[in-house]
Amino acid sequence: MEATLPRRLISTPVAGPLAALVLACAFFALRTDQFLTGPNFSLIIQQVMVVGTLAIGQTLIILTAGIDLSNGAIMAFGGIVMTKLAVDSGLPPVLAIVAGLAVCSGFGLVNGLLVTRISLPPFIVTLGMLNVVFALTHIYSNEQTVTDLPPVLTFLGQTFQVGQTNVTYGSLLTILLFLLFAYLLGSTAWGRHVYALGNSPEVARLTGIRTRRLTIGVYTLAGFVYGIAALLLVSRTGVGDPQAGQTDNLDSITAVVLGGTSLFGGRGLVIGTLVGALIVGVFRNGLQLMGVPSIYQTLITGILVILAVAVDQLSRRRNR
Amino acid sequence: MEATLPRRLISTPVAGPLAALVLACAFFALRTDQFLTGPNFSLIIQQVMVVGTLAIGQTLIILTAGIDLSNGAIMAFGGIVMTKLAVDSGLPPVLAIVAGLAVCSGFGLVNGLLVTRISLPPFIVTLGMLNVVFALTHIYSNEQTVTDLPPVLTFLGQTFQVGQTNVTYGSLLTILLFLLFAYLLGSTAWGRHVYALGNSPEVARLTGIRTRRLTIGVYTLAGFVYGIAALLLVSRTGVGDPQAGQTDNLDSITAVVLGGTSLFGGRGLVIGTLVGALIVGVFRNGLQLMGVPSIYQTLITGILVILAVAVDQLSRRRNR
Amino acid sequence: GGGGGGGQSSSATPKVGLITKTETNPFFVKMKEGAQKSAQANGMELMTAAGKFDGDNASQITAIENMVAAGVKGILITPSDTKAIVPAIKKARDAGVLVIALDTPTEPQDATDALFATDNLKAGELIGQYAKAAMAGKPAKIATLDLAPGITVGQLRHDGFLKGYGIAEGDPSVVCSQDTRGDQAKGQTAMENCLQKAPDINLVYTINEPAALGAYTALKAKGREKDVLIVSVDGGCTGTKAVKSGEIAATSQQYPLKMAEDGVKAVSEFAKTGKKTSGYTDTGVTLITDKSVSGVEAKDTAFGLANCWG
Amino acid sequence: MTTPVLQARGLVKRYGHVTALDGADFELMPGEVLAVIGDNGAGKTSLIKALTGALQPDTGEILLDGKPVRFRDPLEARRQGIETVYQDLAVAASLDIATNMFLGRELRKPGLLGSVFRMLDKKRMREESARHMAELKIGLRSLTQPVESLSGGQRQGVAVARAVAWATHVVVMDEPTAALGVKESGQVLDMIKRVRDGGTPVVLISHNMPHVFEIADRIHVQRLGRRVAQIKPGDHSMAEVVAIMTGALQVSEGKAVVADQGAAEAIGLS
Amino acid sequence: MTTPVLQARGLVKRYGHVTALDGADFELMPGEVLAVIGDNGAGKTSLIKALTGALQPDTGEILLDGKPVRFRDPLEARRQGIETVYQDLAVAASLDIATNMFLGRELRKPGLLGSVFRMLDKKRMREESARHMAELKIGLRSLTQPVESLSGGQRQGVAVARAVAWATHVVVMDEPTAALGVKESGQVLDMIKRVRDGGTPVVLISHNMPHVFEIADRIHVQRLGRRVAQIKPGDHSMAEVVAIMTGALQVSEGKAVVADQGAAEAIGLS
């Protein structure tokens, strides 16, 4: 109540990541002219939107003290389903999209069932699922990249003008998704229950939350979000690519953790995840614009990731 | 005290993984003649010894409620250091090995310092370190695989005869390492402190354990073990390979979790990790011997990993 | 003691193993299909295995060992790490197994009994020469979308391209170089960033066709797809179609089916007669383009589509 | 005879070779405060967990208002108006007091915002929580702190306030005053009386004999996993009750008889 | 004048905008049992955490036997023979009782096994733990259970037994009997007396006034982050002490004066 706005901002877990992001932007803006432009920022958002959307689902699951290694694979499968059904099986594109979303949700549901019904650790469930879905993708697609997509499937890759800058509908959708989940987690009972579950499943159970149902719901919803990521991916690349998403599981976890969410569950904000995803995107873009060779980009990214979180920690410590 | 031996066995966390391993062996023994032979088992051990040794360090770190994504990269760097110093810089091989072990321990130390001094999450520290060490490996090696190693570096790849079967010294060393760490964790004060730390750093601190020093020690020791893994890798492949170890971080975590250790720290046994590593090795070997096409190997491995842990869970539940 | 004769398989059909770099590249899938057909035709049983990523030496070693344990007569391998695989291959050969490299030579090349492969340096050279001629003296601003550190095919093609174009490593006309791991999405991101850095890029070399298509998508988003030349390597059916529709200007086509068929045949021969093939068989590489330039020999996309894989 | 509000017969619960409940019976009558007492490890917590759906007994049956029920989880018990303060404090550490008070039955904004957008009414929940906490007179410096940063007693206060605020049928409290200060304990006891006077029966587990004697209408004595006696505070002295609890005395036909002479002497009974 | 064994002056500890300690003083004299009482949130736990190295005060100084000390962590306090039972029970959940008892000072096997191989003497630790637990008369069905499966009271017993077993200079207990049964509480109080009689002073935080009056030589009253009174149980009635604690009475020059008439009446003082 006494907490004034700036004070509040400092004590939210997003402040640190945000500071790191701003610092990184300032640095690159000083070092290269091309960085601080509308089109370049539009580009960065396009580049992080797929991993960012995956990371929304990942955030939900990590908040429940779980982890999802299968999200990239599920997305790849979803993309193949959408494109193959639309192109090869001649299904109306919208139905193909619905089918893709359903399939992704279905894998999420299976994850959730295995986690709750047999009490398997999420790490193992989703690791197994990663292998299964990966194999299914390659078996179903027969390794063929699906091309010549109907326009509905690539609509999200189209742009509209904001001032001088072209922004894709996909970028917009991603931002809206982040806002939607920030709302759901922060301002609905369901969100509170997710946090309570992550704090302690036993406490959640004792306070009358149906923890199994909630967990299954979270995994299924995450699967659905991966389906949206699949659509974003398809619209961005213009093809259905069975090889997509192979490192996206770790990348999405990275975004979540960079965004200040605890891997032990119950603490964190989805908006932090957006910031985390942007940090990675800004580093990659900025270093490339500066002309840093690939291998040194890797080196510097490694250091910067650590630094970004260190900024966070140190800022919190000062606040103590 | 009343607990008889079989009863005890059932209640240890290794019983489930062990049951899964035995089931898997029985299955493959029935399906293919070549499986149940001394030489084939010797082979499986050789195949899992590198990841298995990495997984020893990983177990230590996970027991403290940490995680290490950098172990494969550290091992690769260690291997390059050992081989390059011995071959290119003409250092006596034994010194080169010592240097490699020191470098790996050094990276472990840095991980530990970052985790304790700035309270960074282990996931982030080791993710950053993964990138840094990966880049350093490629920069230092100049992408060149190091060949023509002096025999000292490949000694662990030599074999000795046990009955009809050739066993490598490396396999022996790996088994000895597992026994050593089972002893250290189970029968020394240090081991108890590692568990207490993983249970709750605050509790450990309040009971007078120097948690920072202990944590730093654990990461450094893990680094040292990765150095041994590097030597095992070098002796097994006969080269210094800058590409090595890229998926070994996840593979080692998998072995740990399959072995029944909790990712939340404080619960688990290093012998379980050996069983976990063997489960993966047995699946891969058995499926290959059965002539299963590679993509179906991936599919089945995914299912089997889930099943293996499910066996564990269900056996525990019955015991309740 | 468990059952019969240890490593010695008593089963009637002889076995042949194929170990590819990855599971995820259509190139290798085609290779597997070719090997499968050829194995059937020759009355052999095919075993397959793959690395987890391009450069995954450990998985390939494990696969060699397991195949030897399973009693294969011969192993066909596309080495991920050309030097690091050598000791494991030696052990297999010492155990009496015929080992043939496909697609990528080992270092040294005679570490395997034989090699059936594209000449990757030449593949790069062809598109380099083509690009030089197609640019027709225009000053070039080049982006190279490469594979990843330390994988020889990537290096060879990159070097070949520069050689064919007539420039050396470090030439100022190369304004942007990025690793793509041969992945379409990563190729797109790399191209976007290169364009941000140097908007006037007009020539793009790509390690393979997925990377090329990613680059095309990025260029198209900028409205630059018409005035930028993309050259690539592979000759897969998807890629060749892209050449036909003009998205890629030219590509060096390789022939994985041939590699696999010839490889299996050689192993079958060995199984029957004990005779080992040896040496390098160039499985050929053809420049495919519909806008041919003088001085560089090329075939059109009709030929390309008739001979493409995947 | 009046039907018990909540009743259990022959509850058994085993953990491996530890038997927590060994055929326990239980009866809670309308409008009473029933104290459950017993040594550490006697199975008091296990008993009330079984009664409130937090634990599934291996055998035995539970009756609510005379009708057999099975609570598969705490929510089902809650739905019947049974509210519980668990000994291990069911509060979610990283969430604030108001959120914890309303966990599982959050208030939504009125109108469309609430019905369609399902938006929480954070302000109202905060205000009502403040009111409930104030009733208990637990000193709090901020309602928006996560409960993990509260003192042990403050945290316990949150759990008690929550149970009392929601109960309509039965309130069960497992050592609710264990961590509370004198003043706060007094408040909780007052509140228990008020709840009882409002007609809702209360089950109170406590090790504090003065509290038990002050407030209980009846006492259930638990020992080695089962009920060994049901007594009225007026019928026995505190020392006798303690003796029954520890096994030094046994109750037969409503009267205490010495069971273990040595033990009885040790605690000063002759 | 005798020097206090443990002393603190002007301790301050702030958490964000919550002030847990607001210039607290503290004195523990040789051979005494000092009770620390106060409302929930008064800063009792924070005070003893500061005294035992578990928390670093922002300002203020601590003296041990008259000499300024700074304990950077609990180990340094322990090394000075100061043993503490923390309110939040410093036991490691997945480890068994014996391991917890000896955590941080494990016994090693005699001979080479111990000195070179650093092998734990599990048997001896188990036996000694059994002995210590038996002294407290806490009923336990197995010593090899992980402590997480013990009842709340049993777990507390482990922490108390451990502190008593190891202390040589000062014992500090933060509500050690809060979760204990009547019999077990009695055992802990007896044990505290024995420790004191052995010459080691004890700091006891408790909300249980009968316990405090039974055992304390002196009472430190904590209120709103600071010491507001030091009294002898004999000089004041229980009701007066409670009144002081809640701020209804103030002590000036050893005598209680009414500070808040309304509050005093509310708790029945005239």
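As written, the chain order gives the labels A, B, C, D and E, with residue 1 at the start of each chain.
The rule is simple: a residue touches a chain if its C-beta (ideal position, glycine included) is under 8 Å from a C-beta of that chain, and two chains touch if they have at least 3 such contacts.
Keep in mind it's a predicted model, so treat the numbers as computed, not measured.
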Minimal step count in the chain contact network, chain B to chain C: 1
Chain located farthest away, centre of chain A as origin (C-alpha): E
Whole-Å gap between the CA centroids of chain A and chain D: 44
Chain centre separation (chain A, chain B; CA means) in Å: 30
Chain A and chain C: spacing of chain centres that average the CA atoms, whole Å: 33
CA centroid of chain C to CA centroid of chain E, Å: 72
Multi-chain contact sites of chain D, meaning residues that touch two or more partners: 15, 17, 88, 142
Sites on chain A at which at least two other chains make contact: 3, 134, 138, 295
Junction residues of chain C - those touching two or more other chains: 23, 53, 149
Interfacial residue positions of chain C with respect to chain A in the complex: 23-26, 29, 53, 146, 149, 176-179, 183-185, 188-190, 192-194, 196-197, 210, 213-214, 217, 221, 238, 241, 310
Parts of chain D lying in touch with chain A, wherever the complex brings them together: 54, 73-75, 78, 84, 86, 88, 90-95, 99, 103-106, 108, 118-120, 122, 142-144
Residue numbers on chain A that touch chain C, as the complex places them: 34, 39-40, 43, 46-47, 50, 134, 138, 142-145, 147, 157, 159, 233, 236-239, 241-244, 246, 284-285, 288-289, 291, 293-295
Touching residues (chain side chain B, partner chain A) in the complex: 65, 67, 69, 114, 118-121, 123-125, 127-136, 138-139, 250, 253-254, 257-258, 262-264, 295-296, 298-299, 301-306, 309-310, 313-314, 317
Touching residues on chain C, where the partner in the complex is chain B: 2-4, 6-7, 9-10, 15, 20, 23, 32, 45, 47-50, 52-53, 55-58, 61-63, 65-67, 69-71, 80-84, 86-88, 107, 149-151, 155
